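What follows is a set of notes on a single structure, which appears directly below.
In this document, chain identifiers A, B, C and D correspond to the written order of the chains, with residue numbering beginning at 1 in each.
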């Protein structure tokens, strides 16, 4: 309904609400299937054939094949689901964050050891716009 | 906890509460499996072998084998579950009621056509005790 | 803005579905039962809702004993009629207004109703029989004349939600629907009942006085009616009569003042008293 | 009579479980994190609860996207640690107090909380990591020192239940437990948080001021704290920080006045701020 949402102005964040959940349903169901070894084996031996079982959109399918982690989120994926595909690829939560933030693993890890990303300047999209972040 | 329940004095009635549900869990899960044709086929070709899949008590198992419909209810079964076993046997809800009430199909059907069982004398166990019904 | 214009109360006896599916609605047993639905079907054509919000219960079909939600809202794109042990009913697939149902889900949770969201669900006679009763015959390749948002209520394992909780949920559903921007005409169904007991030695209990009083008070005293304790349903209307708590959800979603435009009561359908009522909000 | 004597708030970061399961708790990265749990484990031995009522969330493990209950109460006899993609954690099976959990289920529904009853459920790190944190190392063939009643809350799909609803659920859980006849010592856990965001470009957000204020207000202003709107968690504590609503259930189940007996706060564990608090009801 294009209703404005009170969390729409938080930068760099997807809120997995009912609209996202509806859009991402088959993508997320694919991801959660990676929880089981037999499914991982089947997927890893022929990704395209395995993906045929899940009626996701062409864009969602391509995002999976490309391991476009931010793309999956934009298409209704949720991190707890996509992290199961990442685990299949041997990528843990912190490494995944390194990829999604574009910082890379080492820089991201150092930021966390230094106390994490500050809320200052990271609360509103307008703050990112000023800094020229997207 | 042996808590007294406000519905304990309704005659001829099992209330399927959490205690019954806990006791009847595997019995009811067996019954609901009868919803699918492949399970019915398997059960009908070897009842004992099929029942081995469900860790119910010996009494529950015997009640199933004996088609002791009231016995199943006493052991935590619920009518919506047991009716699925009845359907497998070609017994519908009204025929099942004829059996459970001990009235037989014809007498039960006639009672229903005549307006059903009256609430008069059927609200409290004490009313049944007076009539000598159990 | 979407709005609720009317409410329908309706038993959902499986045998009614069987009678329709096997073409027996004109025989001596069934004719008096179906005669009372003629007017309902005409009314339904005129009411012509875009969406039916359908409150019902699953009868150990979509939900087995492993997971028992008190309130489960159907948010899937469509819902297939379930095989309840003798093959699925030959009726159309039920299509959802998916955007509206997710809006309602979100609104209800923020309104402090603890619903379960179902993104995949089959539907049993509890949902399809009322559609058949109100919309008449429709074959598998046909379409139901309205979209349907299903709300499935636990009334199988005691305790079901209280009548009061159901009534208040009705009010919350109304708030959710009225805050949806699209201009839609919604009719809400409350299904199940009337008096019936399917099990054990007291099976066959029918309490016409109770049922009549219940139907009367839906118009005249809905708040008082919703306070009835569970034990009274169990004792007076039979162990399965407690399904009637679902009618309070329908009633709570309507105006305080409603007009009864149709009523039908018949005994028996199989083990059950059939009750049916149509209530309209007064036009504003 | 059963009674709740204390509440524990505790992050449930999966990496904490991994560190314990792989014997890395003494390395430079983990030592400061685990140091703060020493006192907790001593306290837990002394508290010696018969039952832990454990509020947590499933992380798309037991529940996939097809069925999303707002509140799911575990009523099964036992709960097996789930395979989350790298094999189940090597910890004991979780045993329920099954009679008490069905009593609580029944009481909550009659108290107008619309819970989902789970008679079969696997449990993920959200439940097992807090047990490991508080009870220390226990291998698969061992037993947890207490029975556990799990309450699983949806915080993955927006919206989670409101903080206010969670706080009131805590009060209802207390009523349910106090109406159970057996003499049992119950400790309630609220888990999840503190500030963290696992996803997209803002991943890694940590807000120590927010977390500290939250921990302070659990003792000094629990009611006010429970009124915080969801958007404030999302903005201030990160998208996954909204897990903290579960702590209000724990807090609502305690007395209005409590004593803080232990607190531990550490950054980072993987992507997350680790927060931990122990609150005792004043002895009467």
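We adopt the following convention: contacts are C-beta pairs under 8 Å (C-beta built on N, C-alpha and C of every residue); 3 or more make two chains touch, one makes a residue touch a chain.
Quantities reported herein were computed from a predicted structural model and do not represent experimental measurements.
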Review point. For the interface formed by B-D, which of the candidate pairs B-C, A-C or A-D is equivalent, sharing more than half of the contact pairs by residue number?
Key: A-C
Point to revise | Chain pair with the higher count of C-beta pairs in contact (A-D, A-C) | key: A-D
Point to revise | Distance between chain centroids, defined by C-alpha means - subunit A, subunit C (Å) | key: 40
Review point. Any idea how many Å lie between the Cα centroids of subunit C and subunit D?
Key: 37
Point to revise | Between subunit C and subunit B, distance of the C-alpha-averaged centres to the nearest whole Å | key: 25
Practice item. Quick one: which residues in subunit D touch 2 or more of the other chains? Key: 65-66, 106, 117, 119, 157-159
Revision key, fill the gap. Note: subunit B residues in touch with at least two other chains are 17-18, 21, 25
**Study point:** subunit A residues within the subunit C interface of the complex
**Key:** 1, 3, 17-19, 21-22, 25
Review point. In the complex formed with subunit D, which residues of subunit A make contact?
Key: 6-7, 10-18, 21, 24-25, 28-29, 31-32, 34-37, 70, 73, 78-81, 83-84, 87-88, 92-94, 96-97, 100-102, 108, 111-113, 115-119, 122-124, 133-134
Revision key, fill the gap. Interface with subunit B, subunit C side, in the complex: residues 14-15, 59-61, 64-66, 82-86, 156-159, 195, 197-210, 229-231, 234-236, 238-240, 267-268, 270-271, 273
Practice item. In the complex, go through subunit C and note every residue touching subunit D. Key: 65-72, 106, 109-110, 112-120, 157-162, 164-165
Review point. Residues of subunit C touching subunit A in their complex?
Key: 75, 98-99, 102-103, 105-106, 117, 119, 180-182
